[in-house]
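Across the two complexes that follow, subunit A remains constant while its partner is subunit B and subsequently subunit C.
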Partner chain A sequence: MEIATQLVTYGILMGCIFAFVSLGLSLIFGVMNIVNFAHGEFMMVGMYVTFLISSYLRLDPLVSLPFAGALGFLLGMISYRFLITHILRGPMVAQLFGTFGLMLFLRYLVMFIFGPDVRTISHGLLVGKTISFGWISLDASKVITAGACVLFFGFIYWMINRTKLGRALRATSLDTEAARYMGIDTERMNALAWGIGGATVGVAGGLLAHFYYVTPTVGMLFILIAFATVALGGFGSITGAFLAGIIIGLIQGLGGHYLSELKFTFIYAAYFLTVVLRPRGLFGW
Partner chain B sequence: MGQVLRDIFSFGDRPFIERIVLFVFIAVGLIFPWLVESAYGRAVMIKFLLIALFGLGWNLIGGYGGQVDLGQAKNVGFGAYATALMMLHWHTPFWLTVPVGMFFATAESFAVAYPMFRLRGHYFAIATLCVALVWKELFVFWDWTGGARGVEISIRPAPNFTYMQFGEVGYHYFIFGLFMAQFLFMNWFRKSKLGYQLQAVRDNEDAATSLGTNVTGTKVKAYCITAALGAVGGSFMTVYYLYIDPDLVMPLDLSILIAMTVMVGGAGSIWGPMIGAAALIPLDMYLGAWLAGTGHYGIDFIIYGFIIMIIAAYEPKGIWGIIQKMSRRA
Partner chain C sequence: MRSKWPIVLVVCVALVLAFGSKAAPKEVKIGVILPLSGPLAPTGKSLREGIELCADVVNNKYPDLKISIAQWEGIPNLGGAKIKLVFADHRADAGWGADQAKRLIRDEKVIGLTGCYNSAVTKTASVEAERAGIPFVNGESTSPALTKRGFKWFWRVTPHETWFTADLFNFLDGLVKGKARGVKAVSKGQIDKLAVATENTEWGAASLKAIEEFAAKHGYKIVEAFKYPHVAADLTSEARRLMASGANTYLFASYLADSILFIKTLKELGASPRLVWGQDAGFVEADFGKTLGSAVNGILTRDLFSPELGNIKPVATQLNKIYKQRAGYDFSGSSARDFVGLQVWAHALNEAKSTDPKAIAKALNALHIPSEELIMPWKGVRFGSPFPGDTQQNELGSGVINQLQGFPGGKYQVVYPFEFATANLMHPFPGWK
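Entry: the complex of A and B
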């Protein structure tokens, strides 16, 4: 029983983290119907920002989070401005390969500069601490990441549904042409979606670096998990992404406990089954 | 029969120039071991032909079919493992293992094809990626296939045609022969009935349906043939490297490299894979040798990524598209 509770709690925590990583992907897809393969690399850049600030400037990794977010925002905006606007004119294949090229470029640029070594953050307010709730003890950094995830989801949900900016974003996603006639600067909305997507995943990367290995290739694993999450939740659905993240976390946590070599197989299988059996996802329209 | 022969050797766009290019290519391929003496140069040529061979196979589904498949490495893996395991356990001669590898790759592709082709675009691409990764994890997990340790093939002392082991020159002609066979097959295929149906499906599914083409059936057939073609190259990798593991024959990077080669060269063109491999592989091997001592990794992929972005943004038809535009202007 104790093990089961521990596993489920751990699964939910990891699920929040996966959901956090998927948030930006879901947002970008929702607004402009394009899948960003470089999303995991945005996260990786956020992880490196945190790692560098904590190990070279000797600051607490938490201090780096705004910087990770800001760099993610810039990365998103720049990618949109210089790449995505161009590939949107081409066929679907070109769109796929365009973000794919961006993924390779970012990943190996980081590898070229910092080398392929696996790094970890060794000190910080949260690193290595545990929080105990009764007999369940949890990694403090994971709990904080999960909390931040809930906060960000809440914020994005509020922004999309309650603010003027969110209304403009939704209008752009529903019908770009009509939105433009209504005086919405759709180009700016798209760029903003990329910026916000990049910022959330940058912060997620910064938090993830507290307890996960920092390597240039870490993005691939997380982008696949994020694809599975977003597909399961329904492409473009914010609440869907959150719930699907938790489901994926539980699959990975429980599957990993019983068949640890194959834990990612379960996630890929979940993606495959979702898109084949219910292409709009559990919560998509 | 006569028509088939004519189709194999005829080209569409600029028949005369293309035939001359093909002739020069064959000539260079045949005398290459005399032109280049260094082992490294020959290794580059073999790698070029191997990746171009994979590109030819992928071009069938990715270029003529327009379906972005990011999992071709799994088929390479099936071919490689069929050859390696049959040689290891039963000492089967090479040419008997090739059809077995092709069979397994085709059967697996057929099994996943119907659910897979309910998907389109991004969904399909990610699904192929997932399936390939699942197979890789299973091969790492499974003991009978050697797991993560891989499979080693015992080295024969003398050149051996049963197990296809030779020196570099032998391997060069071996892969060159495989490449030419697939090249001519593809040149015939694109003018076959299925080839035309496939291109019609790529260009407009509704129109193809209304003309009586079974869209899903066509895609599934193309997907299975692609799988079989990929497995052949995998079998070659086993006897060339004499050692395989999931990281060598089924990695995601290989799937990406194959698809990228074709995209850079020109998807849906018979020359695309060749041009793409000629652009990427020597660059890759040269940079790899140059940077090996400096401790910096990955500059090859930085350049790949950059080229891919430029091509996707400005010329989705790849280098072949540029050549076509220039020749039209001239």
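Entry: the complex of A and C
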């Protein structure tokens, strides 16, 4: 019972982290129908921002989060303005290869600048601290990341459903032409979706760097899980991404304990079954 | 009648040039296949630096180094031909590695290959060398299966897992018998319950199999054993599984990223085994200690090299100093072995006096490099059949067990073989509570 409770708790925590990483991916797809292969690299850039601020300026890594978010936002906007607007004119395959190219460019640019070395953050308010709840002891930085995930999901959900800006984003995603006729600046909405997507994953990366190693290829590990999360939850569904993240966290947590070799098999089996039985995902439009 | 001498002269000059250039090439191209991108990129970088240093030592004069290649300035019996390395990135992908081997052989016209670090990639890439009939000299892949295939064109310089696992259990037995430096005899009951976590590629699977065989032979109980995907975002469940097993000894076969993740997670969970041992790979990378700091103190790792071996092998200290100046960190067991791997290539070429594959193969089979030529604590390099089924496997190699002490900024101290111990053993493992 004790082990089961621990596994479920760890699973939920990791699930929140997977969901957090997937949030921006889901948003961008929801608004523009584009799969951003470079999303993991946006996260990696956020991790490097936190690492650099923590290691070279000797500030608490938490201080870096607004900068990681801001850089993620800028990266998203710049990617949209200088790459996506151009490849949108091409066929679907150009969009796929375009963001794939952006992924490789960012990954190897960072590798060129910082080298392939693995780095970690060694000091900070949350780094290496644990919080105990009865017999369960949890990494404080994972708990805070999960908390931040819930806050960000809540904020994005509120923004999409309750604000004028959110309604404009939704209108753009449902019918760009009609939205334009209604006076919505759809270009701005698209750029904003990329910016918000970049910002959320930048902050997620900044928090992840508290407990995960930083290396130019780290995005690769998370982007595959993020794709499975978004597909399982339903492309474009914010609620779906959150719940799917939790489901995937639980699958990999329990799978890792009982059948470690197959833990990713279970995740991708869930993804495969969703694609076959319910292509729009659990909560997709 | 016009003299025929000018024509004869021209023909002679042409013949001399043609045969001369074939007998003494200006450079010999050797293909090097390594993981230069992806999660293993830091490891690939350190291996590349080891191989590049060896090529540099062969190609240029290093009068202070008392080994023969340092005096050569090229391959002497090939007219001073320089070694030119052609690198290829296999991305830790066995299929891609085989493609790179094909490309190097077909397009780059390399005379032979070395690499690939990951046993699974070495396996597929060496098949391409076998098909093409060119030599593949492997410096650092340790899956026993690699030299049990009966290949004619594959030679392995490093000892394989069977040796290392034998070393581990001899070390554990020695600990029980009170042979470890600075530690009284330990009751076997304190270290006899083993939990084994190995990554799930060929190397990890081979490690697990060897551990299971030796544990049964030496009377140790495996209370938990599993393989896991080394490209993992989280290893909390696996770490919990180790702790829940009640094992007092944790054994790992992990690459760099997953070894870091495992230790971080075990620290976070407050695990307190009495002994932690890693099967080289991630545990001997410079980034392992640098990244985890004091959390690594007391961890044991099988290895083949330690900068502390300088007392026994001064040349190891000299070369490590040069390597450190260039790379910024010490030789690891893997990068030091890759240095030796290329050194074997250089000696074989010199003995073969030709770049003809058959001549190189003959030279490799007859090669004997004595211990004093090597930076490794080995008796030398000579290919043979040290274990049943092995072919063209170096039979003079051996391993050491190092312990990480004094991190951050600490050292890998040799604790086994007991007679070569460079420091007292820290035992029991201090734990992460």
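The rule is simple: the second predicted complex is superposed on the first by the 283 of 285 C-alpha atoms of A that agree within 3 Å, B and C clash if a C-alpha of one lies under 4 Å from a C-alpha of the other, contacts with A are read in each partner's own complex, and residues count from 1 in each chain.
Assume a contact is a pair of C-beta atoms (placed from the backbone, for glycine too) under 8 Å apart; a residue touches a chain by one contact, two chains touch by 3 or more.
Because the structure is a prediction, the values reported are computed rather than measured.
Enquirer: Superpose on subunit A as described above, then tell me if subunit B and subunit C fit or clash.
Expert: With subunit A aligned, subunit B runs into subunit C, so clash.
Enquirer: Determine, under the contact definition given at the top, whether A:F272 touches first (subunit B), second (subunit C), both, or neither.
Expert: first
Enquirer: Under the stated touch criterion, which partner chain does A:G115 make contact with: subunit B (first), subunit C (second), both, or neither?
Expert: A:G115 sits against subunit B and subunit C alike.
Enquirer: After the superposition on A, what does A:F97 contact: first (subunit B), second (subunit C), both or neither?
Expert: It touches subunit B, and subunit C stays clear.
Enquirer: Can A:A231 be said to touch subunit B (first), subunit C (second), both, or neither?
Expert: first
Enquirer: Going by the contact rule set out at the top, does A:L7 touch subunit B (first), subunit C (second), both, or neither?
Expert: In the superposition, A:L7 touches subunit C alone.
Enquirer: Which partner does A:M220 reach: the first (subunit B), the second (subunit C), both, or neither?
Expert: both
Enquirer: State whether A:W158 touches subunit B only (first), subunit C only (second), both chains, or neither.
Expert: neither
Enquirer: Check the residue A:V35 against both partner chains and state whether it touches subunit B (first), subunit C (second), both, or neither.
Expert: Once the two structures are laid over each other on A, A:V35 reaches subunit B alone.
Enquirer: Report, in rising order, the residues of subunit A that make contact with subunit B in one complex and with subunit C in the other.
Expert: Looking at subunit A, the two contact sets intersect at 108, 111, 115-116, 216, 220, 261, 264.
Enquirer: Spell out the part of subunit C that touches subunit A in their complex, as residue ranges.
Expert: Subunit C reaches subunit A through residues 37-39, 41-42, 44-45, 197, 200, 226-229, 231-238, 240-241, 244, 256-257, 260-261, 264, 267-270, 287, 291-293.
Enquirer: Please give the residue numbers of subunit B that touch subunit A in the complex, ascending.
Expert: Those residues of subunit B that touch subunit A are 66, 68, 115-116, 118-119, 121-123, 125-127, 129-131, 133-134, 137-138, 140-141, 252, 256, 259-260, 263, 267, 295-302, 304-309, 311-314, 316.
Enquirer: Using the touch rule from the top, collect the residues of subunit A that touch subunit B in their complex.
Expert: Contact set of subunit A toward subunit B: 35, 83, 86-87, 90-98, 100-109, 111-112, 115-116, 216, 220, 224, 227-228, 231, 261-262, 264-265, 268-269, 271-272, 275-276, 279.
Enquirer: Would you mind writing out the residues of subunit A in touch with subunit C in their complex?
Expert: It comes out as residues 3, 6-7, 10-11, 14, 18, 108, 111, 115-120, 122, 128, 130, 137, 139, 211-213, 215-217, 220-222, 225, 252-257, 260-261, 263-264.
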